[in-house]
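Multiple structures follow.
Each of the next two complexes has chain A plus one more chain, namely chain B in the first and chain C in the second.
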Partner chain A sequence: MPRNAMLEVKGGDITGTVRGFLEKLLEKKAVDALLVPVEVPSKKNVVQTMVTDIAQLADVSPLAPVMPVNTAKIISSVTKVAASTKKVGVILRSCELRALVEMVKLKQADMNNIVTIGIDCFGTYSVTDYAVFSQEHDTPAGEYLKKAASGTDTLLRPACKICQYPYPLTADMTIGLFGLPIEKEILVHSGTKEGDQVFEALGLDGEADPAKRDEALSALKSERQKLKEEFLAQVQQEAGGLDNMLSVLSACVACHNCRIACPICYCRECLLDSPTFVEWEAEKYLDWASRKGALRLPADSLLFHLVRMNHMGASCVACGLCEDACPNSIAVYKLFCLAGSRVQETFEYTPGRSADDELPLTAFKEEEFKGFEK
Partner chain B sequence: MADDNKDFEPILVGFFCNWCTSTAADLAGTTRLQYPPNIRPIRTMCSGSVDPIYILRALLSGADGIIIGGCNPGDCHYVSGNYKARRRIAGLKTILDTLGLENDRVWLKWISAAEGQKFAVTMRDFTEKIKELGPSPFRKNWSV
Partner chain C sequence: MEQSGKDKRIGVFVCHCGLNVAQSVDVEKVVQEISSYPGVVHAEHYQYMCSEPGQELIRKAIKDHNLNAVINANCSPSLHEKTFRGLVQAEGLNPYHQEVANIREHCSWPHANDRQTATRKAIAIIKATIDRLKLNMALTPAVINLNKKVLVIGGGVAGMQAALRIANGGYEVVLVESSPSIGGHAAQLSGTFPTLDRPACLVAPMMAEVAAHPRIRLYAYADIEEVSGYVGNFAVKIRAKATCVDETKCTNCGRCFEVCPVAVPSEFDRGLSDRKAIYRPFAQAVPFRPVIDVLSCAHFSDDGCSACEQVCSENAISYDQKDTVIEEELGAIVVATGYDLITRGIAPEYSDDPDIIDGMQLERLLSPTGPTGGVVKRPSDGKVPKEVVFIQCVGSRDQEHGKSYCSRVCCLYVAKQSLLYKRSIPEGQAYVFYMDIRSDVKGTEEFVQNVVEKGRTMYLRGRVSKVFRDGDKLKVWGVDTLTGKSIEIAADMVVLATAMVPRTDAKDLARVLNIIADQNGFFTEAHLKLRPVDTLTSGIYLAGTAQWPKDIPDTIASASGAASRILSLFSREELLHDPAIAYVDEELCVGCGQCVSICAYKAITLDEKQKLASVNEAICEGCGACAATCPSKAMKHKNWTPKQFFNIVDVFTKEYE
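This part shows the complex of A and B:
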């Protein structure tokens, strides 16, 4: 049974309310540690932080609009060698949680003892925009939430403006903001047994009506669907065809930062960095060059992007962090969002929707996709 | 277009499963069936071992057409390699189609070891269709 409770927001301090909730989680030993966004001393950034001491939650700032690293990647590196033996509560935005679900399916993260606390997300800024914004305001998160409510935030990253799932899909617990009078109260929702245990430990429950949130979400959803289709149509026009594609990628220096930022790309040694692709005698490069009369170097940048789309496109959660990581502002997110969306349509697959949906490239049926045969 | 391409001899790359299409190619040869010589066959252990990276590498290097030959559904020696290959091709062709990158130049075909005739006919069809498409735009493009 899903359980809901409202948390009262005192003095309009939404961050303070969430902080109070997180403090209780540690205090009542509902979890042993928290992996939560904490503001760094310079205030220029908010970074995921493993907190075991309640006092260290003083600068917790889960609503600040910045996502320097996709948290799914962090959970993967924390649990890769061995799963957690203690309960860790983790705050995740929807795209982080969806990426985590994909990583678990790809066997790159272990959810043992991980309690997911999803959070409604009005969108995030780039790390560089946030560094400026945070210096201009005493309470950056509060300032941002005011703008979010009025729908006039021009700093939002392109990926966030068309995000189809700004609400957590599979969290043990959700902190709900959409459609609610967040200056007065916010929602805590439990979606799983783990969530229920936390509700019990905290003695939560009570009167709560999430109907307004549901309404707001379905309105937002249809608006976003339209925006996304318009966006994709435009990308297809701008990038479609070899010449346009190469024009979009013209400034690519093959640094592969986009792949490093991507939560889904997990191979320890990417084939495209392997000796098969990069370790050749000069003779071989001359040979390649002589085929077309010339050879762009570093070689294979289009190949790199296309291969990556093929390998991970079905699981792309459209977080946009690839584009943020590009030193030359190449529209990598645009390309991957377009290709990923179409691949996901082909496979009727929504990455991050459920741990039970099989990964499209490992599953198969005997009768399917005949249209792709000759 | 077709007229301009009369003298165009396409470069075709075939990734052929060892257990079926490769044998069919040998059979076509030993039974002296005629088919155009454009295909450069590459033997693979299973159609399921053909990662899109190889297909893309060939395409971007300037191959005019790429064909993957595998065992008929139900006959893969590794049980499900061909079904997985079909999924990979579905993804690859979706991406190429979405980005306007010559999706029609990639073919997937099931040809069993006994089907020498089918192999020859397929190579004829394939060569003809790619001739109609003309040279790949990747052929001369050095900046990919």
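This part shows the complex of A and C:
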């Protein structure tokens, strides 16, 4: 049975309330460690930090609108070699959680002893935007939440504006904000046995009514659905077809940062960096050049994106970090969002919805694609 | 691992294939252009490269030009790759330094009317194959242990024939039959076309030979539970179902049958008679022993009956007997699970009436061992039917209601049945509604003609629209398309020649064996023409109607074929497996396991701790699905590496700029 509890927000300090909750998790030994966003001393950024000492939670800032690295990638590197033997609570935005589920399916992360704490997410800013924003306000997270509630936040990243799942899908526990008078109270929801155990450890009663949040979510979902359709139609027009795509990618310098930022890319050595792609005799390059009289170098920048699209399309959670990582502001997210959406629609697959959904490209179904057969 | 390929001295041999290639491909021009291609030191063409003089040309060229790699441009590699690899190996080359460039199926045939296109494409195909070959590694076959023992699944004609041929060839056979007796459907038949042999003359001797054979171990009333392993090294778990009768004590006196209070429709008589819950399926059953059908036995229901136990003077009844699981290790498997007849429900135009029977039921009515002692009597009231209507193609050749395929035996068994019916009831009249008569088996066209002319069976070419009860009679409405007249027959009995279908559990068995069943559920052969009794899983072979509808001669032929494939497999001491398969680059593998789920052969295992996939060389068939799936390309296919693919694509993009 799902359990829900309301946390009272004192003096409008929402971050303080969440901090109090996290402190209790450590204090009551509901978890042995926390992986949570902590403000850096300059306050210009907030980064995921593994915390075992309650005192180190002083600068925790889980609601600050910035996501420098997709946390799925961090959990992958922490648990890939060997699962955690101690309980670690991890704060995750929905796109991070969904990416984590995909990584688990790909056996690149181990959920043993990981307690996921999802948070309702109004969206995030780019790291550079946040660095400026954070200097302009004493309490950037609080300021952002005020703007978010009014729905007029122009700093949000494009991916966040049309995000279809701003709420966690599979978290053990969720910190709920949507539809609530967050100046006064926020919700803690448990969706799994792990979550229930935390409720018990913390002595939360779990009888609160989440109806307001549920209502707000369903309104948000239909609004976002509409926005996404408009967005995709626009991207299709701007970037659809080879010529448009080449034009979008014209500034690509093959730094491959988008791949590094991608939470789903998990190869030890990328095929695009492997000898298959990069080790050819000069003779070959000259031969290629002579065919059309010219060869753009570095070669394969289009192929790089196509291969990544092919590899990532089904599991892309549309977090948009690829675009943030691009030094030349190429709209990589737009391309991936469009390709990913189409692939996922085709396979009726929602990445990150459930660890039990099979990866579509490796699952064999006798009955599928009837429409494709003649 | 990959070299530049500059060390290869390549010879190219272009085959005319008579005119198959040469009529659309300008072989002179091909040789001329290929001769100067980098890496090629010799090129020539000849009418039939696969012939002895053709092969001699290749041998001579290898010596004269010191070739260390060979391209054969001809038909599909599935035809002659082995031939040419054997040839270059005999000349001291590594066989994997030979490749086939397919310029027939991929080129001359599809472009038969366009010489220019075909010639250009042949050149591109050969150049691409050359650039791939340049990066080929020398490979050595893997050596695999060979356990020379065979599992035959199914004890019908096909299974018995395969088991006997293999056992007579000197190897141990384990024969598993799911029903209580071997013999299959053939044991139920009244006679066989076109010679009218009784099954007693055909099947009974085979059953006896199987039972007595020192090298055949028979598990009847047993199911295949699990199969693992691979060619030469299968491990099988067989579940022998509890018979609840102690065979060592039972004297087959039969008193238990008399006292058993439970009667259920007899499978052997296809529901036309009853059997008891403790029963022997038929008088000639092998093994000759009673079994208790625990699903219908009253001892296992609430009333706790023990009538058979009380009457058994030998104390042979043992209700608490449990299934036993037997484990066997074997090297090859024959799948001979046979057929069923399609359920009647597919034909709504024929109402559900006891006097509308299927062909197998009529077999029982015509059989001297049947419920009516061989005198045809209709099921509803035991009356001798004076007018019998046969309807062919019920559920066959009928994509809408049943199966699109032809069941192949119905035309002939209907002719046979109408003949035997006339012998049983000389004053009777048989009518046959047919679509067309397929009688292509030796002696059968004459047989059917004889039935039509001398047996006076009336053949009506057309379909039946409806069959319904009208008092004592069954009204059959149909049309004779040859005269264009609609026809109404008041029949006493109607016989439906229903479609042969695979057994309902065939798809489950396919999964257990990791072989393929087609959309109809029949098991799929490796190649319809060239490997008709092989499956795509090495070491597993097909026999009889589990593959496709067959008559008895075809069944015997395919079972003998499967046996001969196994006997030749067993002629070696150990197996050599094609090394052109997948391998894992351990530096690159991150253990995501996508290759494991994609592998149709279950050849890949994942070490979850080490995060590393590995390929079982004995199982991998080199299909390449894993290599295509692996995003890191840690999974690679030997001699089909990404670089080799790039080379191929490169040639084609250049040739077709």
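Definition applied: the second predicted complex is superposed on the first by the 366 of 374 C-alpha atoms of A that agree within 3 Å, B and C clash if a C-alpha of one lies under 4 Å from a C-alpha of the other, contacts with A are read in each partner's own complex, and residues count from 1 in each chain.
One rule holds for everything that comes next: a contact is a pair of C-beta atoms (placed from the backbone, for glycine too) under 8 Å apart; a residue touches a chain by one contact, two chains touch by 3 or more.
Keep in mind the model is a prediction, meaning the values are calculated, not measured.
Participant: Superposed on chain A, are chain B and chain C clashing or fitting side by side?
Facilitator: Result for chain B and chain C: clash.
Participant: Based on the superposed arrangement, let me know which partner A:Arg291 touches: chain B (first), chain C (second), both, or neither?
Facilitator: A:Arg291 contacts both chain B and chain C.
Participant: Looking at the overlay, does A:Glu207 come into contact with chain B only (first), chain C only (second), both, or neither?
Facilitator: Neither partner.
Participant: Have a look at where A:Leu246 lands relative to chain B and chain C in the superposition and call it first, second, both or neither.
Facilitator: It touches chain B, and chain C stays clear.
Participant: Looking at chain A, which partner touches more of its residues: chain C or chain B?
Facilitator: Touched residues of chain A are more numerous for B.
Participant: Return first, second, both or neither, reflecting whether A:Tyr266 touches chain B, chain C, both chains, or no partner chain.
Facilitator: A:Tyr266 contacts chain C only, not chain B.
Participant: Once chain A of both complexes is superposed, is A:Leu361 in touch with chain B (first), chain C (second), both, or neither?
Facilitator: both
Participant: Could you tell me if A:Lys80 is touching chain B, chain C, both of them or neither one (first, second, both, neither)?
Facilitator: Touch status of A:Lys80: second partner only.
Participant: Name the residues of chain A shared by its contacts with chain B and its contacts with chain C.
Facilitator: Dual-contact residues (chain A): 271, 291-292, 311, 361-363.
Participant: With touch defined as at the start, can you tell me which chain A residues reach chain C in the complex?
Facilitator: Residue positions touching the partner: 80, 106-108, 266-271, 274-276, 281, 284, 287, 291-292, 311, 358-359, 361-363.
Participant: Considering the complex alone, what residue numbers of chain A touch chain B?
Facilitator: Touch list, chain A to chain B: 236, 239-242, 244-246, 271, 288-289, 291-296, 300-303, 306-307, 309-311, 313-314, 335, 338-339, 342-343, 345-347, 360-366, 368-369, 372-374.
Participant: With touch defined as at the start, can you tell me which chain B residues reach chain A in the complex?
Facilitator: 52-53, 56-57, 60-62, 67, 73-74, 80, 83-84, 86-95, 97-102, 107-110, 122, 126, 137-144
Participant: Quick check on the complex: what are the chain C residues that touch chain A?
Facilitator: 2, 4, 587-594, 597-598, 606, 608, 611, 629, 631-634, 641-643, 646, 650, 653-654, 657
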